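Multiple structures are listed underneath, in structure tokens.
Heads up, the next two complexes both have subunit A, just with different partners, subunit B and then subunit C.
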Partner chain A sequence: MFDLSSRQAKIVFFAALAVIGFFLFFPLYWLVISSLKANAELYRVVPTPFPTMPSLEHFVRALTTGKLPMYLTNSLITSTCSASLVTLLALYAGFSFAKYRYFGRQPVMLFMLSAQMFPFGLLLISIYPMMSELNLLDTRPGLILSYIVFALPVSTYMLYSYFSQVPDELIDAARADGASDLRIFHTIVIPISIPPIVTVFLYSFMWSWNDLLYSMTLIVSDEKRTIGPGLLLTYLNEVNADWGGAMAASLVASAPIVAAFMFLQRYFIQGVTAGAVK
Partner chain B sequence: MAKLELKDIRKSFGSAEVLKGIDLTVEDGEFVAFVGPSGCGKSTLLRLICGLDEITSGKMAIDGELVNDVPPAKRGIAMVFQSYALYPHMTVAENMGYALRLAGTPKQEIDARVSQAARKLRIDTYLDRKPRQLSGGQRQRVAIGRAIVREPRIFLFDEPLSNLDASLRVEMRIEIARMKDTLGTTMVYVTHDQIEAMTLADKIVVLNSGRVEQIGSPLDLYNKPVNRFVAGFIGSPRMNFLKLGARKGEGGFAVPGGEVRLPRDLSSSPVEIGIRPEHVELVGRGAPDSLAGIVTMTEHLGSDTYAYVALEGSEEMVVVRLSGDRAVKRGEPIGVHVDPAMIHVFSADGLSLASARAVALEAA
Partner chain C sequence: MAVIENNVGAYPVSPHANRGGLKAGQNRIGLLLLLPAATGFCAIILYPFLSALGLSLFEYTVEMMEPRFIGLENFAKIAADPDVWAAFWTTAIYVVLSTTGTLIAGLGWALIMNQPFAGRGVLRSLSLLPWVLPATVSAFIWGWIFNSRYGVLNAFLMELGLIDYPQAWLSTPEGAMLAVVLTKVWLSIPLFMSFFLAGLQNLDKEQIDAARVDGAGNWAVLRDHILPHLRPVLMIVVVLGVIGNLQQFDTIYALTGGGPVRATTVLSVEVYRRAFEQWDIGFASAVGVLWVAALLPPAFLYLRMLVKGN
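Coming up: the complex of A and B.
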């Protein structure tokens, strides 16, 4: 890794960190303070660095007058379902790739990973007619199924690498103890793989939650709309000027993800580094 | 209690044949050790017996019943793995009871059997701990306990003690010897450790690149190895080998540093002799029946001293085992006395020839 022993190296390193940190966190900071400013302060020509009179009025308005709660509920439903589905599929696929030897294993895995190489927008072009054929356009199941595209390949690969590290002797021991393959997977392998499973769930949840394109294209009815397009259509149009409301709503929309990360970060970090060090 | 029979067992991985026809009978209650160099197929054979891998060809029977296609749990076999392979998320008690739970044994009986086995192995105070909270020796006991709880007909061990440090290894070796006496179950034990094999086994199977070289009691293998491989493999330090040179009169052969006398009634022509470090002595230069050499190195182990002697006119070293208090100077020219009765003789294809030693042992 880096040699941080000299003073100069340290200064350069931390300066670089500060720059990166600024670009990462300044927009977030601006989002937070803007959402707390009253309209009068918000539209000043020279912006203030802190809200002089912080108020929650934007939050109250966003959550009470608009359709934000409905969009959030929709997103929660579709994201939870699709993350569960992805995790479930990735679990079995990853285990199969990791611990069984059969014809076509490698090509199938490569083929699946290659799906990740295409822009999601391109994939949508082929998903749209499929959904239309299946009568799943403008339905929640349709959207949930489409979301698999985002996270399944990488999720499968993450679990595959983790399962590859589960010692064969552990599986052999369970087999000698009389457990069937599925039993071994359910009672031995899954219980010792909680961190990567949580990681994969969060990862795929995040992808669906942050989606704009698919939901915008596949969902037409307002009552099934998710938070991404919901925010866009509510706040970004010619007539709207509710800047503070947009900021507050964006914050509310990011809250579940941030909360989930904070709550589960112990698992998440462990999951990401599992395998790198062991 | 069970008798295990293997007939012409073969195992291939792809095109590589790893086991090339193993014939072996393990009697009821017998303790058999598999030894052999790394990669010779010991673990593979054990896994076949356990049922973890499929036999490519051949027959395997337990108590006369063919078990080639019987799944592991139904064979009545329990295996102890080298890495312990404890289930990390289960407590000691859950680890030990897992097989019984799968078999649908009533909870009360599981508890009873687990605590009984735990008492036997002195791990009954750790039953609620997870494996990561145990020391290496304790983990090994749990692994053995997990096998005992199942009350199997046959125990399999794959190098169970190789992850332990020296003193724990001795302790566990004694533990296993005790277990062998009290349980009386048939056991098959893979090891790299000569002492484990010699002290524990009723019968040792020497394997080499997928074939059985010799099967016999520990002393049989030590005293009457059938070939050069077994002679070199059993015994520590290793047997000394000397190439035979020109014939010198009746039964005499030139070897580096002098000549040796072999019995006259050898069935075919000998090319090499072997003599164990404990069957040679350091003597003065020129003593009768001795080979001339120079001490190049000594190792003092306390109980024993090993002298490495370079024989005159050759690169070959002879290891001589001496008593621990014997002082030997490096660079000292000495003689190596070879006890003619203890010489092993080998033919060109590595087979042992009837030797004076064999004749003497037969008579005894």
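Coming up: the complex of A and C.
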């Protein structure tokens, strides 16, 4: 793209690389490094660039004494359930939008997609009394249902774009053999759509896993609290701030989502930027 | 809101939308398949949205059993409330700074990541990380960097001789704003970069080679070929960035709680506080209505892009 054969061009290029790269990666580096420093080294006005005596004490403490394992379990339960629910709903809706031609199909789809513009905080104002009315306040099912807000529209659209590329002939041929639409969908279309389905699942899982607002509002009791508000309440409170613990717990809380993402990032990026660029 | 902002509703409708499809007569099944998602959508998204808009016309506080209709009184109260106006102003500053910052850094990083060099693949993958971290984690990282006593930022600046003694960044209005903006820029760069990289993929390389033969330098290539080519992507990214930043809540709340005092109280924080700390649901909804109004222009642009892409 750029011609870096001249000395001056090289300098400009690598200077920009260094500056933006530093901004992007230093905070991540600092997160890891700080989690490995014992308190005596962590709380210094002039910090050491890397731990002189690496210690796992923060990790041990976070995983054994605190409520982190409980919060993680709760997040795992709510996120898995809500991601499954969203994926299931989006699967049928995406197929419906892609392969049927009923009246109002396109406006409905556009409307659903533009619902991403409704601020989540505003929706919460009415979701809260609604869940209260249904006795779902401070329950996992209530939180799981509310998480539909985050990912359903985009998930539906991602699967719709994928299913649109499945040839109609494939389905028509199976129909000619007498298979029902549902059967065709389940036995022919779904098996060839595993990557986008996994992507959508991960996408909605990530929304729930990373959420702070809904969980801290809709869940009151500690036994059901998820990782976002759990971390906040544990490590940053009025009394003290345990930064070493916060960093170690942050790494533990990020690990599952980072692992899944790294594994699937290619599909993920494609799904998210698909069609936006001509 | 976590990082994959709701931004991600980015795509215009697929070019396949009007072609193909199954034969007529199957439409009933199609509607049936849509039913579960449509029900969920109406119950959890559409109904709460309309209901919140409606609540803006009611007085509804924690002591009341039933909301009481008061017409536009909430809006009259807002008009007389300098705090709400301040929240609008704060939001504007936050959105402009975050979007501009991410645009510059994201575009720069995409251009760098588009240049072949050893280790680029690894860097590219790693640079997606801020995007997937939980909001609380991003807030922790930046809170620790900006910490007044042990923060690495103070240590850096003192080492460079730019400040003489540690600054309590998060206790000053400007410092807190800087922190929430930098956090947002940091975590949005990956998304912007991904869009720009996708846009750079189909850049006409022969055209650029031809321009080089004619003596164009790097700067001329950037100005005359790359940037014009990226214009459509740039538009999408800016619109989505503005929409996402207008709605940002989690990182701000976790990092500053909207403070010090109200220095980082953007609309999302204002609505949350009025609704769930002061339990003044009607007033919060009215602020929410104005919030939606602020979202309408970028939302309109976004929808137009969706329809045009169709």
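By definition in this document, the second predicted complex is superposed on the first by the 240 of 278 C-alpha atoms of A that agree within 3 Å, B and C clash if a C-alpha of one lies under 4 Å from a C-alpha of the other, contacts with A are read in each partner's own complex, and residues count from 1 in each chain.
Here is the rule we go by: a contact is a pair of C-beta atoms (placed from the backbone, for glycine too) under 8 Å apart; a residue touches a chain by one contact, two chains touch by 3 or more.
Given the structure is predicted, the values throughout are model-derived calculations rather than measurements.
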Fit or clash - subunit C, subunit B, common subunit A: fit
Which of subunit B and subunit C A:A38 touches, first, second, both or neither: neither
First, second, both or neither for A:M130, with subunit B first and subunit C second: second
More subunit A residues in contact [subunit B versus subunit C]: C
Touched partner set for A:D172, first subunit B, second subunit C, both or neither: both
Subunit B versus subunit C as contact partner of A:R183, first or second or both or neither: first
Touched partner set for A:I192, first subunit B, second subunit C, both or neither: first
First, second, both or neither for A:L236, with subunit B first and subunit C second: second
First (subunit B), second (subunit C), both or neither touched by A:M70: neither
Shortest CA-CA distance between subunit B and subunit C [superposed frame, angstrom]: 5
Interface residues of subunit A shared between complexes with subunit B and subunit C: 172
Complex interface listing, subunit C residues touching subunit A: 1-4, 6, 8-17, 20-24, 26-27, 29-31, 33-34, 36-38, 40-41, 44-49, 51-52, 55, 105, 108-109, 111-112, 114-115, 123, 125-130, 132-137, 139-145, 147, 149-150, 152, 154-155, 159, 166, 186, 189, 191, 194-195, 198-203, 208, 212, 217-218, 221-222, 226, 232-233, 236, 243, 246-247, 249-250, 253-254, 268, 271-272, 275-276, 281, 284-285, 288, 291-292, 295, 299, 302-303, 306-307, 309-310
List of subunit A residues in touch with subunit C within their complex: 1-4, 9, 13, 16-17, 20-21, 23-25, 27-28, 30-31, 34, 42-47, 85, 88-90, 92-93, 95-103, 105-106, 108-110, 112-130, 145-146, 148-150, 152-154, 156-157, 160-161, 164-165, 168, 171-172, 181-182, 185, 203, 206-207, 209-213, 217, 227-229, 231-232, 235-236, 243, 246-247, 250, 253-254, 257-258, 261-262, 265, 269, 272-278
Complex interface listing, subunit A residues touching subunit B: 167, 169-170, 172-179, 183, 188, 191-192
List of subunit B residues in touch with subunit A within their complex: 47, 50-52, 71-74, 77-79, 81-83, 85-89, 98-99, 102-103, 146, 150
